[in-house]
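Look at the two complexes coming up: chain A is in both, with chain B in one and chain C in the other.
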Partner chain A sequence: MGTVTVAGGYLESLLQGQPRPPSSPLAWFNQLRADAVERASALKVPTTRDEEWRFTDISPLLGLSFQPVSAGSALDAADVGRFHLKEAAIRLVFVDGVYAPALSRRPEKVGTGPVVANLSEAVVAHATMVKPHLARHARFQDDVFTAVNTAFMHDGALVFLPRGAAIRSPIHLLFIASQKAAASHPRCLVIAEAGSEAMVIEDYVTLQQEAYVNNAVTEIVLADHARIDHVRIQRDGIEAFHLGRCAVSLARESRYRSVAIALGARISRYNLDTLLAAEGAECTLDGLALITGRQLADTHTCIDHAMPHGTSRQSHKCIVDDTAHAVFNGKIMVRTGAQHTDSSQSSRNLLLGARARVDTKPQLEIFADDVKCAHGATVGQLDSEEVFYLKSRGLTETAARNLLTYAFGAEIIDRIPVASLKHRLERTVLDHTQRS
Partner chain B sequence: MSAVLQNLVNQPYKHGFVTDIESDIAPKGLNEETIRLISAKKNEPEWLLAFRLGAYRKWLGMEEPKWSTVRYPEIDFQAISYYSAPKPRKKLNSMDEVDPELLRTFEKLGVPMHERAALAGVAVDVIFDSVSVATTYKQKLAEVGIIFCSISEAVHMHPDLVRQYLGTVVPVGDNYYAALNSAVFTDGTFCFIPKGVRCPMDLSTYFRINTEESGQFERTLIIAEEGASVSYLEGCTAPRFDTNQLHAAVVELVALNDADIKYSTVQNWYAGDENGVGGIYNFVTKRGLAKGVNSRISWTQVETGSAITWKYPSCVLLGENSVGEFYSVAVTNHHQQADTGTKMVHLGRNTRSTIVSKGISAGHSHNSYRGLVRVAPTAAGARNYSQCDSMLVGDACSANTFPYIQVRNHTAKVEHEASTSKIGEDQLFYFAQRGIGNEEAVSMIINGFCKDVFQQLPMEFAVEATKLLGFKLEGSVG
Partner chain C sequence: MIRADSDIVLEVHGLRATVNDIEILKGIDLTVRRGEIHAIMGTNGSGKSTLAKVLAGHEAYRVTGGSVVFEGGNLLDLEPEARARAGVFLAFQYPIEIPGVANSHFLRLAYNTLRAQRGEEELDPLEFEDFVRDKMKLLEMNPDFLDRGVNEGFSGGEKKRNEILQMALLEPRLAILDETDSGLDIDALRIVTQGVNRLANRDNAIILVTHYQRMLNHIVPDYVHVMESGRIVKTGEKSLALELETRGYDWVSGERRAAAGV
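After this line comes the complex of A and B, so read on.
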């Protein structure tokens, strides 16, 4: 009963009592925001009575008050240098959701080449490209957090790859949290035209350990034969709330590869929806949640095979320590007529803490007969025979367990195609597993 | 249902054993009066009436569940008559009077000659004296102290036992249909296996005379005391016709220390015609409580009939080292819908469970596996293995898998795997090459697909079930 008022308060405080983003010169952009405000006001904050949020109680979020940050940041390059990736020639930095041009590094746009720019500015120059896609893939009609993000849509990344363009170096999108009680609503849009190719790294980091909210939405659109690698690292602060959503749409023979790693946040939720909208599309989704303490990491994915000859591969792993709680819901949908779909999914969960908890639900919905679909799920602890084997080679029990835990997580991290990031994350897993 | 059979079922009774039929049918609608009437008609003790009324009040406050994938027009609970005296069926004088379509089905299934007669409603004493058979069985059971009777009889003969266990596994307010059943159930089976007794034969409703028409709201209660064991068979492979559309049964099993209950079901109720018109809604709550140390509860089901099958035979594994098993084959064709699976709730230490589910969908049907494996914090060393495979025949049907896995103990080990396959043209071609026709080939492929489940069935059942599946899917391949 208290929840209702608090919930209203939360949305109200987000939607009404707060500085709104500056209005855009584009009427349709403002209209989109206005529609989203209206929708967000009509929607309720989900509770555990909603099937989609059954295992993730976000009520702690509602008791707190958050403010979007409007002023530019006072950070300088020295503060953020440690987050840089040496492979990334292009870097857009957002501090508490606000674009920080001084900290960013991006190429001058040459002629009709690729665009990597801040959304709120670039949308004006590239409105004809953006309009057909923005808020069309991550629909806000049924999702309150996407609606709130759309209502506050301002800064974020716009990546536009013209036909045949290939950006060899990774595009690093760095989202830094620096203030407590800040609410960020970063919005990214990646448009890959036919045959184009790029790698986008979404990286959420923090400089402080108090509560804040990251409510991020990303849309990725792949035209025929396009290829996008998407790495998403969530290393928010231990008191933070992270609500992430990514909607991907794949055209004919396009390929999307994603590695999503969740390490931080008190409560995190990531919704990844991929729509294989044309024949021969292919996606690979890999995920790892490494959580401890009282963290909760929730990943919901949906792979929607709408057309024939699609391929999807998914591997999601969770390492859950202490009293942490991991949630995975992986839906694979094969629609009528999507013949020759080839799909496989695995959810593997390692419970380390005596009071750790896992709720997993791999889910298949198949409406076509000539398909190959399989999924598997396991929950358990380290195999005692494997531990024994390592002990027989002279390792201590602790060392053997740490090594096996590390290897369990490293399998996913190994799929990140950026060496420095990979090594940094492997280090993190190693530190995490060095327990006595 | 063919017109002939419809007529057969609906024919007014001519031979006059029951003189006052009208007065034995309750008016349509459900209210406290109806429940008092049912209770009074059955001459029930006060506590059972209180049980029914409690359930009814709970039911009033509940909402019809909408979460499953099954779709059906709204049920008007006030349009059902909740009590009628068992309907005597017209006894036929010989097999010649039986509908030829029904005979053809029996032939296909290989139902033994004497059973065919009984199933078709031919007066049994004309051909086969099943009464004496049943009586022999009853005597044999009584010798070892087993109680096996209708639940109404048990309420009068063994009230303490019924009262002790009724509603303990499926509480009256468990779900919408269980509450409805608890309020209005009219009959069902009661079975009690005393301490240390291994039931000398498979028990089956077929041999429980006078209750061939088990009714719309069936209630089954099986109790196995310490060290007891029993194998219970429900239903039969022969098609079963019934004029009641909604069936909401409740089955409760209780296994004490070292007890073992094996419950097998073959369900082949009327599934509606090829266009999905008619057919039975089978909304059942089945749950077993493995209460004692080392107890075991095993469900085996072959679900082929009903327009809608909506049930999840479950095991609550409370006793240390207790074992739960679920083996299921669910076949849907035409416009049938099945949403079935199991729940394994691990509460005790070192509890183990196995789930093997095979779903076959053909035509325009929908077949879903929905399962839950829950390991409570108390269930140290719990172990589960689940496998659910789907087979699709044709491109207009669907197969869904919704396995919920919830683990709250780090010493538990849970594995789940699922796959989807089809009857490939290359497979059929291979059979054809060896001189085996499509029909037989499909039957063999299906049989191989379902082998793990059929192995769990009592032998005669397994043979019939194999044929039944081939028969159900006839014409959907090739």
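After this line comes the complex of A and C, so read on.
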């Protein structure tokens, strides 16, 4: 193993002592990494002077000195059992970004059936399917974090659904942080061929509360009539940095539904880019950030209506306590010719702490004339009449506030189609609201 | 049912209250004993709901004078939740909607808070479900209302029924029903008033705010009070309501003016 050497302070500090991922038998795969290294060295870590990072000061990340992840997971099933979801018969576990086969539960691969496997291994057997998509949707040319992820691309999930295949069990991708000062670069690719269906749960959890970095990139490609449910739970440690990116491409009449919940991390940023690339595509993006202390959670989404008759629904909520800071930037693009687009977006925010802050920015760019686009944003406190109503029935001020806060967040959590996960998160929200 | 020896549940004396520095209640005197039913009538804006909300402890209203003794203690010293736990219940004229809070969850929390107060064990969701369904049957309420948000999208009459359901769960010592009859259809009025009558007993008391005799045909009051501009200007027996129905409020005002010699 050599060491990747690139210019630039962030990369230098990030890469110092970080072993370079082993080279792949696939030349094009190695080439992608090399291109990404080159790109990463040319790009700069964004500052608050960059419009896209105006509210999110990522500089504390630069102060972190990374340590290499010790090879081989020292965790056993007992350490991770509490993260299991009983509905998920399929589970891939990654510890500090490294695939842990002993903790995973994969389906038997039968003939030409679906594939759920570790990317670095599966890419070899499925190169012809993977090559047209990998790094084509989450392009690294303009994004330093995606470039770094691509430079380190190794372990992660490959989900391949052949034409018409439906996986009934949710696919649980569990990313566990166990070492401090580790940098993980999980990379996932979901390819859903025509008419196929699955539910993918990306779940970022931690066993320790010191600083580390998750820099995760996911690409999801839906062919005609495919349906993907995507649940993303970010419950990283309270000192962690989470940089997440997901790029989704939708073909004709396909449907993508996403519920993304951000609870953890000192600073988190999630970019979700959805391209409605063919007629009649449909997406639903629901998001919730529930933060407190000095946390910062930044969500940037882009819904790109490139073709006619597309539908998009988006509801994003933030519950912000103490001195925490939430950012939402929701861009809706309706391109020329994307007639009969039907789009709605709402951003609702609850400020619980007197010094809590939210910056929300719906951004509509509409170049077609026959479209329906509704959007709205609200920022507020709990409604005092609602609090009084509950108190008049004997609930304490605190209990009343907790219940109302809980209800605000539960609306999004309710949309998670996995009962055990939903209940677990509802508990988390309850605990969170009761703490404050 | 009037019992001469009954204890006083509520004693309001010279109560004054303002909202946004505007005086709304200008000296209310009212004594309510155990087992009694009092009706409060009066023109729109005379302060009936204000009185009800002041008694429930709404913080938008500032008490500027007078006293309120409830079961021997100073009610005005208590937070709204403490008043509720002590047994004061207000069925709101306009119950608000709380989307996102499941009605069943809300009702159970309220009920369990009360049980904890009484030193009784809390009911778990399943036990509570059985209990609340029985109460709903009395009010002929569809159990589907448990799964909806609190009052969320309920019709006017459905909201009122949900208020009385809460009264049935909380079994207050003093229930103040603010225009519970408005918005109810004829059948609902019968069902809801039957429910209230079943809850009324020798130990508790009810204050009914209403504009209509038809409510008082179902729930027969011991006293009828008439409010005007923040005061109780006339008190009588149930026949007073009938008299008001035929003669209107002008009659009361006229009588007062005559008595005052203006």
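Couple of notes before you dig in:
In this text, the second predicted complex is superposed on the first by the 421 of 436 C-alpha atoms of A that agree within 3 Å, B and C clash if a C-alpha of one lies under 4 Å from a C-alpha of the other, contacts with A are read in each partner's own complex, and residues count from 1 in each chain.
Keep this in mind: a contact is a pair of C-beta atoms (placed from the backbone, for glycine too) under 8 Å apart; a residue touches a chain by one contact, two chains touch by 3 or more.
Treat the numbers as computed from the prediction; the structure is a model and nothing was measured.
Once the complexes are laid over each other on chain A, chain B and chain C both fit without any clash.
Once the two complexes are overlaid on the shared chain, A:394 sits against chain C while remaining clear of chain B. When the two structures are aligned on the shared chain, A:386 is found in touch with chain C, with no touch to chain B.
By the touch criterion stated above, A:411 is placed in contact with chain C alone, chain B being left untouched.
By the touch criterion defined above, A:75 lies against neither chain B nor chain C after alignment on the C-alpha atoms of chain A.
When the two structures are aligned on the shared chain, A:365 is found in touch with chain B, with no touch to chain C.
Once the two complexes are overlaid on the shared chain, A:89 sits clear of chain B and of chain C alike. Superposition on the common chain places the nearest Cα atoms of chain B and chain C 15 Å from each other.
On chain A, the surface touched by chain B in one complex and the surface touched by chain C in the other have no residue in common. Taken in their complex, chain A has these residues touching chain B: 51, 55, 336-337, 339, 349, 351-381. Those residues of chain B that touch chain A in the shared complex are 67, 375, 377, 390, 392-422. On the chain C side of its complex with chain A, the touching residues are 56-59, 79-81, 83-85, 89-90, 92, 95-96, 98-101, 105-106, 109-110, 113-114, 117, 149-150, 166, 170.
Contact residues of chain A toward chain C in the complex are 384-386, 388-397, 399-400, 403-404, 406-408, 410-411.
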